[in-house]
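Both of the next two complexes hold subunit A, though its partner changes from subunit B to subunit C.
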Partner chain A sequence: MFQIKRLKYKQILSIEELEIKKNQVTCIIGQSGSGKTTLLKMLNHLLSPDEGEIYYKGRSVFEWDPIRLRREVVMLSQQPIVFAGNIRENLNIGRIFAEKKRCDDHYLIQALKLVNLEKKLEEDADSLSGGEKQRLSLARVFLMEPDVFLLDEPTSALDKGTEDEVMNSFLTEASKKGKTVVMVTHSVEMAETYADKIIQIQK
Partner chain B sequence: MENGVINIEFWRLISAYLFIVILLWLTKRRGINREKRIIIATIRMSVQLMLVGYILMFIFDHPSPWIVFLIIFLMESFAVYNIYKQLDTPLTKKLKFVIAFSMIAGSLACLFYFNLVVIHFKPWYEPRYFIPIAGMFIGNSMTGITLGMKQMVENFSKQKHIIEGALMLGSKPEKATKDIVNSSFDSAILPTINNMIGMGIVFLPGMMTGQILAGASPLVAIEYQIAILIGIAGSVGISSFLSLQFGYKTFFNDRVQFLPNEKNEK
Partner chain C sequence: MVDFWSPVILSLKTAFVSVLIVLITGVCLGKLMARKRFRGKSFIETALLLPVVLPPSVVGFLLIIVFGRNGWLGKSLEWLFGQPIIFSWWAAVIASSVVAFPLMYQSAKNGFEAIDKEIEDASRVDGANEWNVFVYVSLPLAMKSIVSGFVLSFARALGEFGATLMFAGNIPGKTQTVPTAIYVAMDSGNMKMAWLWVITMVTISFFMLIFVTIFNKRIDF
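Moving on to the complex of A and B:
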């Protein structure tokens, strides 16, 4: 899916060669400040490398229309983002950004179940706790149905039990649909449990 | 009395400074320490207005389109410079250009339409009309752009993660920044809208008061005031809209990456 060659970005990141395969779960681990988030942002083309190349589906990311690329390679930031409005609007906003049709309530409720968030769609999203906001953000990207999910510490605010439940159902569903997942995590245990491939980045 | 206007005698004008003396006494007594500022502001206001009075007298006696153009050029330059200064943050060249363009294009387009179509005076450059109307349009547009731009730059910096969060999901910059740009436009035009709402009830505007004092019929003064207020609303609205509409785009590069920290932040 992705090939990276001789990539350099400031003093933060330097990768000689790296391949991320299709339909797999790839976990990126490393100390904080090692450039894990930077790498995800580069795959999402939110940042460009100073040197080197990133290929997506065999074409340099620079040849892709950046907005089209981001609609196929959706990124979930570490800090959960809640937009103004209720849960229904927050779930649909990803699809609205990507100019896709809104989802029916039925799908929205299914997505909430997937991330273990039992809330009413009319509830104000801003009143959710940190962990709930994180799950809401995860459900939002799931509903966008992209080819690739780039997840930056998607469960950092959750307790171990909820983390396992959420990741288990999310990754099972993503795998059923043939999606590619690239996930940054601080937990080696989580990477070992879910990853088909683990990439360790050194500081 | 001259043409129905009471000419303020010199010593009476001097007696008005008693208000400043009272103000100075009050601030000193309360220990507010603003004496220097008040004195400087009073001296500046007096000297600036005296100079402007003599300059306007000369211009009105020697009407010329070139002098009018020169005055407009100076006004616009001051307005643009003042916006840069008020924003108090290093701006990119692109954003500076957008501000200058929006300020000049927005206010001049409204000014010429207003003078040529609404008021319709002859010759078209008659300085007695052209210069004061230009002053009102340019001054208000300057305030509008400053308020709108300040709000936008600050919020882009504070809400960087929300804008980036939207881009990560494949949003176009226009959608990702829509709420901030809209609220910035609100801030830009709010003083003008409030001014229109309070007009005639909360206060009588300076221009209208001036005309009435100068002997004009209140009805004529009102006609002018209505026209001017609508013109100012148009000028503020159009210049602020242009500055925000083109301005937000300067925060993105050609790869649609958000760059709020490149010189547009403190």
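Moving on to the complex of A and C:
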């Protein structure tokens, strides 16, 4: 899916060669400040390296239209963002951005179950707690149906039990649908449980 | 016999068209100026806000210079439309738009500036193009300010007197709006008509303010 060659970015990242395979869960682990999020942002061209090449589906990411690339390679930031409106609007807004048809309530409710968020669709999204907002963002990203999920610490605000439930059901569904997942996590345990491949980045 | 309704209808028509013009231009420029940084920005912003501090007679004078039959723009427009702009209904619209624009622009700009840039950036990360960011993220978040600007600029357009009198004239049935009609009525001693128009203006203004209050409460809930 992704090939990275001779990548350098400031004093933060230096990667000689790296491949991220399709339909796999790849976890990126490392200390704070080692460049995990920076690498993730380069995969959908939010950041550009100082040197080197990044290929997505055999084509350099610099040749991809950035908007089209970001609709295929969707990133979930570490800080959950909720948009104005209720839960229904927040779940559908990602699809609106990607110029896809809105989902029926049936699919929205299934997405909420996937992330273990038992809330009514009419509820104001801003009234949710930090952990609930994080799960809502994860559900929104899931409904966008991209080819690749870039997840930056997707469960950092969740307790261990909820984290396991959410990641288990999310990754199982993603795998069923043939999606590629690249996930930054601080938890070596999570990486060892779910990852097909672990990339460790050192400072 | 003085026609009560003609100035009222003309005022409302002029104000609605003016406010549509300033809504589009004010919101677009407000969005642009809220985020952009460039050399000369302060100068341009000052120019955009100038009509709000200038005396209406100064605004009227400048409009005559620019759009009058001796100005190059006035000549071009007269050639294009086959008639001069000055002393026409469109002159009343232009005068109202110019004085109302700064209120809409400043309100819209404040609304867009108050938006957390992270939310707009998050939508771009999700693949939204700039139009989607504007329609689905920026506009809803700035709506309260835009509506306030809409009402303020409508009120200003409705109440425009000095620049309208100089540039559009006071032609009954054509350019005589309620403010100029009140002035003429008072001047000619027709206090009954003056009072009727004053009450009409107060009523319209009152209901506009109620609309804003209810609308803002709805957004909050």
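Here are a few things to note about the model shown:
Quick note on the criterion: the second predicted complex is superposed on the first by the 203 of 203 C-alpha atoms of A that agree within 3 Å, B and C clash if a C-alpha of one lies under 4 Å from a C-alpha of the other, contacts with A are read in each partner's own complex, and residues count from 1 in each chain.
The rule we apply is simple: a contact is a pair of C-beta atoms (placed from the backbone, for glycine too) under 8 Å apart; a residue touches a chain by one contact, two chains touch by 3 or more.
Computed from a predicted model, the values in this text were never measured in an experiment.
On the superposed subunit A, the two partners subunit B and subunit C do not both fit; they clash. Once chain A of one complex is fitted onto chain A of the other, the partner contacts of A:74 extend to both subunit B and subunit C. In the superposition on chain A, no contact is made by A:133 with either subunit B or subunit C.
Once the two complexes are laid over each other on the shared chain, residue contacts for A:36 go to neither subunit B nor subunit C.
Of the two partner chains, both subunit B and subunit C are touched by A:83.
In the superposition on chain A, contact of A:97 is made with both subunit B and subunit C. Looking at the superposed arrangement, the partner reaching more residues of subunit A, out of subunit B and subunit C, is B. In the overlay built on the shared chain, the residue A:45 is in contact with subunit B alone; subunit C does not reach it. By the touch criterion stated above, A:179 is placed in contact with neither subunit B nor subunit C.
Comparing which residues of subunit A touch subunit B with which touch subunit C, the overlap comprises 44, 46, 67-68, 70-71, 74-75, 77, 79, 81, 83-84, 93-94, 96-98, 141, 144.
On subunit B, the positions that touch subunit A within their shared complex are 161-162, 164-172, 175-176, 179, 255-258. Residues 44, 46, 67-68, 70-71, 74-75, 77, 79, 81, 83-85, 93-94, 96-99, 141, 144 of subunit A are the ones that touch subunit C when the two sit in their complex. If you check the complex, the residues on subunit A that touch subunit B are 44-48, 62, 66-68, 70-71, 74-77, 79, 81, 83-84, 93-94, 96-98, 140-141, 144, 150. Contact residues on subunit C toward subunit A in their complex (touch as defined above): 118-119, 122-129, 132, 136-137, 140-141.
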